[in-house]
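Both complexes below contain chain A, partnered by chain B and then by chain C.
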Partner chain A sequence: MEIAVDKIGDVTVATIPVDELDASNAAELKRDIAPILEANTRLVIDLRPLQFVDSSGLGAMLSCLRQLSAKGGDLKLCCLSKQVRAAFELVRMHRIFDIFGTRDEAIRAFQTQGTKAQ
Partner chain B sequence: MASILQSRIAGYLWAVLGIAAVTAICAPLHEHLTDTTVALAFLLVVLFVAMRWGVWPGRIAAALGVLCFHFFFLPRIDTLAISGPQEWVALAAFFITASTVGHLSTRERKRAAEAEAGRKAARLLARLQAVVAELGQMALRSEEVGKVLEEAVALVARTLNVDYCNVMELLPGGEELILRAGVGWKEGLVGRVTVKTRDSQPGFVIRSDRPVIVEDAAMETRFVLLPRLLGEDVASAMSVVISTSDGPYGALGVHSRLRRMFTGDEVHFLQAVANVLGTMIERRRAQEALQKSADEIRTLNAELEQRVTARTAELQAANKLKDELILRERGATAELEAAREREVEIGFRIQQNLLLDQPPADVPGLRVAALTVPSQRIDGDFYIFIRHQNQSLDVIVGDVMGKGIPAALLGAATKSHFLKALSDLMALSKDGKLPEPREVAMLAHAGVVRHLIELDSFVTLCYARLNVSTRSLELVDCGHTGILQMHHSTGLCQVWHGDNLPMGVREGEIYDQISIPFEPGDLLLLYSDGITEARNPARELFGVERLQECVRSNGHLEPAALVEAIRKAIFAFSKSDRLADDLTSVAIRVEETKLLLARNETEIQSDLKQLRRARQFVRAFCHSLPGSPLHEDSTSALELAVNEAASNIMKHAYHGRTDQGIHLDAEAFSGHVVIRLRHLGDPFDPSAAPPPVLDGSRQSGFGAYIITQSVDEVRYYRDERGRNCIALTKLRNP
Partner chain C sequence: MNGRAIAAVDAVFEIEESIRRHAKYSLGKSWRDLSQYDKFRAVALAVRDRMMDRMLATEQRYRQADPKRLYYLSIEFLIGQSLGNNLCNLGIRDSCRQALSNLGADLEEIEGSEPDAALGNGGLGRLAACFLDSLATLGMPGYGYGINYEYGLFKQEIDNGYQREKPDNWLAPGTPWQIARPDEACMVPMYGRIEHGVDRHGGYNPMWMDWKLLIGVPYDMLIAGYGGRAVHFLRLYSARSSHDFDMQIFNDGDYLKAVEQKIASETITKVLYPSDAVIAGQELRLAQEYFLVACAVRDIVRRFEQNHSTFREFSSKVAIQINDTHPALTVAELMRILVDEKNLSWEQAWKITQETLAYTNHTLLPEALEKWPVPLLEHVLPRHLQIIYEINRRFLEQVEAISDGDNARLARMSLIEESTPKQVRMANLAIVGSHSINGVSRIHTESIKTSLAPEFFRFWPERFNNKTNGITQRRWLLKVNPRLADLISSEIGTGWITDLYQLRALENLAADAGFQAELDRVKRENKENLARIIHDSLRIKADPDSLFDVQVKRIHAYKRQLLNVMHIIDEYLSLIEDRKLPTVPRTYVFAGKAAPGYWLAKQIIKLICNVGSVINHDTRASEWMKVAFIPDYRVSLAEKILPAADLSEQISTAGTEASGTGNMKLALNGAVTIGTLDGANIEILEEVGKENMFVFGLPAAEVRSIREQKSYRPWEHYARNPHLKRVVDSFSSNLFCPHEPDLFAWIFSSVLDANDEHFHLADFTPYIEAQEKAGNTFRERGRWIRMAILNVARMGKFSSDRTVTEYAREIWGVKGSTPPD
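Now for the complex of A and B:
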């Protein structure tokens, strides 16, 4: 799948290009997002198009988080649909991820973080 | 006596000769000798004679001396005239002196002889005592009586210096005596020769019971001496009794060819020897008796032991035989039992596999439970459940007459005829309409009736078709127990009967069908006559009334609990854990809330790409429910659960194979929606999966957890076609 990437300052925003993330395409996502995880440390994944995620999709998101954390980076999620958010909450992943309502909020969170850090 | 006489005569002779010799020597020398010298010479002769031969030869010598002295030597020689008193005095003095000297010397000599005899006797006594002691020791030492007796007679003969010595033993009966031991006897006699007790010497001794001494055999008249009896010569004899405490053993005797005397010591000696022998014999006899009894006891013991051994062996053999017989009998019993068990087992397996269906778990609007308690011998109860698409369920409960494997096989045959009849009729049906139960029953009957008649058997059954949509039950009762209905609204029980004949009674039988209406909440019970005909110890039947009462009081229970309650009631009633007949009951509860509102189904492939289709099926069904659709959150949750369940089936039940099928069906009721996923892969129960790790450390393992968290009920079971079924229920108004 082709993942659109936007650079806003030092924050990279990747938009999930599918409306459903399940066992059939979770592996594909993991594969295609890997270069983005490699190249960036401050990443926002925009889940706006996503209307459904299953346990495999959730597993892929966790994988992204751990890869970034491993290299000192950070991952924030934004624009979860109600159903996707419900899936995250079902397995308590809303506590593990930084989740924001909009892309801007997520970017701003990085910037505030950066300011604070400086 | 002769020797004494000879001795006396010799004394007188010597007296005469002595005096004559002195006279002859002194007379020529008369001139040269004094009278005193001559007198002393004469006195010497008197002294010699008196000392040697006693008083009287001494006195004769003295008298002759006086005469010779007077005649040859005194004045006026050659005359015996006494010439004066002086001469008288001289002669008298001479005579008195000579006599006194003779007397004194004789007395002295006698005393010396007596002392010698005393010494001799003492020596003899000591010797005799030593012999007795020796004999006693020998008797103690030696084991053999015969040897001791031989030694004893030899010793006695030597000691007493006799020619014969013998031991005579009284033979049993007392009539005869045997020469048991002896010395001096001719060869061949000892141990062989016997004499009569009567008139014989030993016999006499035994009878008189004291020592018998014969000094002169010629004078003996009381009995015949033993040597005489045996042709031997004998002069003197002595014998004593050998006594024991049991009575006389025999006699010990000694005999001398020369005549002799036996002193008291010798008699005592012989008696002592006899006593020693008697004691020894007694002891030996006691020992022998002891030995004999010991031997007897030993023999008896040995015999007893032998007998005990033999008896033990006999008993062991008998026991072995018994054990063998028991074993064989046990074997036979076990075989019989095993055969019986095999039959029961086969019957049971036939029943379980062929006769009894699993009650369907997912008939919309109906909860069904069945119970069969096989009796000791299977008697061919069977039941069939057939689900139809249009919310109807066929239940057939039947009972084959007879027991065992034949009944089980007939039951199976009947059942298969029903299924065949149903499928045949359905195949013929043009518009897919279900054939009526009576049609199915008649066609099935046509298939089995001949067999049943041939086998002299029949089948009673109830064929009930419950249609939840129309709330009606069609019943074909072929001589069976009918159907019990408990009305939910009133709580009343009612038994419905048809009046058809059992199957297998008559060919071409027309079966009637009755229609029974039911309402949600009603309970319907089909049962075998094993229930109503169960008997208590008083031989009373359980009966329909008790069954109705049981159902009434347990009517609130779930069907599974109800049939269990009925089972318990039957066992409590019969007070037995063995039943004469199979117990079969099928309870069906019409559920109030489970009237099906909508239904749909689809089939997807076991390809992860098809997950989307599964989700779309769920979402579309939930959106299209009559009345109000399922709440959006509930729909999403159900969609997620179905997605996870399907994903799991693909990954784990089918192990990634993409060409397998997953059947999805969805049913909506007033209160809930059920989605079922059916597959033929490995069994997989999501509700039994291990709990997930939710701390972010794990990227998988959430599936089962998501399923159970997303829906209100997860059930896993095998459906009527043997498929694994995961049923996910979501309540409509949470």
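Now for the complex of A and C:
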């Protein structure tokens, strides 16, 4: 899976390139996003193309969050479709992720955090 | 030609054109090439067009007014055939008949070719269907939510007296009534595990992970109210796999396994469970129940959110009725959505849930009260089990506060039964989660308060109430008995169609010789019809002048078809051994299905058939008695039998039948009831008067007392009454099973057992006396017909319009409206 990566200041934005994330490609996502998680601590995952996610896909997202948290980083999500948002709500994952409507809002949230931290 | 006549001709022309158009453009054939079923489809589609316009107009009207809406959740909707009913309610049956005549076809034949939508077992499902008719007729925004079973209740065939079950693949030829709504499909997760975590604020955050996903696809069946001014829908869900195939498995080369998984997902809505089947512990049934609940609640919340931004308004805009415990998971599902997905606090969510939900209990039989093993519930719905435990914890705290350390009380009221394995009591869940708990007849509601849930009643007396069942007169008189409907309308007008109390006006005609003669003629013609059906299906010649003694309902021990057979045997043996002639020639008509795994009920069918075979072949009895077990009882068959009945058998053991609705349908069609003081029989008696009904048997209080004191002595009855002895002995004599010796010996033991829960021998003598009285009365034609007229005249209370109006006023807070013509 070819994950597009953009660098905006110290924030990295990774865009998931698939419209369905399920048992058939969740492992692939985990494998291909691993180097990005390694290399970054402030990550936004842009889910704009995604229209469907099942529990395997949600599991993959949770694993991303845990990996980043383990090394003191943070992950934010943006641009969830209505259906994908509903899947997050279904399992209460919207309570552990910071979810934003747009990519800019997610980046801004990191920047505000950064300012506060300073 | 006046304006009205021209309009009528136009209506006929329009329908004819519409039918032709659908034949050509929907079915791709010319009219003359259509099969009978295709003709039905073309007519149904033409009718559906008219309903569609009105449904859209109704929805538009409701959207503007934003009224409170009712959602009726039921695992069964026993719709039967729809064409005739829709034509009646739209007021276009005559026009349609004429249009078809112009096309060289017969409306009744086309109506007859429609398969029954047998999405229910009996009373509970048919009640739900009657309620939808009343809601639409009264203009109350109310919608049914159910399951689109691919296979309805099995078809019954009788082979040498034994019931054989055949699958009822009613959807196979495609039904013209359903409108698929794939755009409103919803996700239904099941299985998985709970991952215990913390949220962003450090709070406990259980996450439901690794579930399997089903898709619920809605199919709407339109429901036209009488006059067609409001058209609602019944939303039935089919399960679909979330993907065509699991592509991973497919890519790994295991194509068959991928297909199998897809089929397994779609199995959820494959088949309706027969009632009385042992379903406890059956994972598929639990999955079915949750599937219904998940789809319905998701859809209800979606609709609410279209027009409202805060859930504070939810219970003022939404009422949900839980029809028996099958949809009781609604309590946990609504809590889950409000707490997990909508971020409401537990307290806010609980208040909304309780204010929104109401529960109807339908049975006191302990074996019919649903319980689910905790390990199974945890396996299928892990998050819901957590929620149920939390509801229980908070509830038991409340109970404990007033219980003075009465741990036994806590154990009885708990949602969890401390058995091995532990079980979730679904009735307790429904009671705790609802603001209203109702029974379906007065005696039944009293039994709920005193026997089923006395401690809950003491805890929340204000929540318990009665709503005596009802039936829709549009189907059960106007449609099924056009001769009687026309006769009534010619005398008192048509107001009774929407206000059944107006039938009271017939009381004045009860002694009118002319009206009596007309009613007699109508009944006779209906009996001729039924006699033809009996002859066609069984080759039995039923005499339309004989008393048609009818017991049609599910076959079950508590309904006591056996007691009826014992009377028949007594009549027969008295005739051939004592030369005592019956009071009147009778045709005994039975119909009903036994659950496939219910051995006793299937034996009763065999007994009826064997007794019938002996009697029907005995020339000594041929002038006096015939016994007919008509196979495959279903709504459309009931529609043929009920108008022809003289005597309605409602003889359940007192205290066992929640209400019954067959009793109401038969009385409305001019049958006189012979019955026990059980269910709604008691209220029918109050309405029609004891002089117009044959009441017999132990009352419920006495039955209870005998049970408690263990004072039943069947041998004493046996020894005291030689007639009874002869009947009971016949079960061990092989008289009715010459080719299968000892087949019915179990009945001899069973009715002489002090543990016979249905007290056949105690009620036998009073039953025989009541039957004798009925027979003698039937011979006095004027008196009998007067009774029949008064039964019809006094059925006003038993309209489902009355029932639904009470629910709306006292439980739902939903209002009716009179839409413009």
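Definition applied: the second predicted complex is superposed on the first by the 118 of 118 C-alpha atoms of A that agree within 3 Å, B and C clash if a C-alpha of one lies under 4 Å from a C-alpha of the other, contacts with A are read in each partner's own complex, and residues count from 1 in each chain.
Following the convention adopted for this analysis, a residue touches a chain if its C-beta (ideal position, glycine included) is under 8 Å from a C-beta of that chain, and two chains touch if they have at least 3 such contacts.
Computed from a prediction, not measured in an experiment: that's the story for all the values here.
Superposition model on chain A: chain B and chain C are shown in a clashing arrangement.
Contacts of A:68 after superposition: neither chain B nor chain C is touched. Using the contact criterion defined above for the overlaid structures, shared-chain residue A:55 touches chain B and also reaches chain C. Touch criterion met: A:98 reaches chain C, while chain B stays clear of it.
Using the contact criterion defined above for the overlaid structures, shared-chain residue A:47 touches neither chain B nor chain C, since it reaches no partner.
Contact with neither chain B nor chain C is seen for A:106 once the two complexes are overlaid on the shared chain.
In the superposed model, A:90 lies in contact with both chain B and chain C. Residue contacts after overlaying the shared chain place A:24 against chain B and chain C alike.
In the superposed model, A:16 lies in contact with neither chain B nor chain C. Comparing which residues of chain A touch chain B with which touch chain C, the overlap comprises 22-24, 54-56, 58-59, 62, 83, 86-87, 90-93, 96.
Contacts from chain C toward chain A in the complex involve residues 187, 189, 192, 195, 197-200, 203, 205-213, 242-243, 246-248, 251, 340-343. On the chain A side of its complex with chain B, the touching residues are 20, 22-24, 52, 54-56, 58-60, 62-63, 65-66, 82-83, 86-87, 90-93, 96.
On the chain A side of its complex with chain C, the touching residues are 22-24, 54-56, 58-59, 62, 83, 86-87, 89-93, 95-96, 98. Of all residues in chain B, only 607-609, 611-612, 615, 633, 636-637, 639-640, 643-644, 647, 650-651, 692, 694-696, 698-700, 702-703, 705-706, 709-710 touch chain A in the complex they form.
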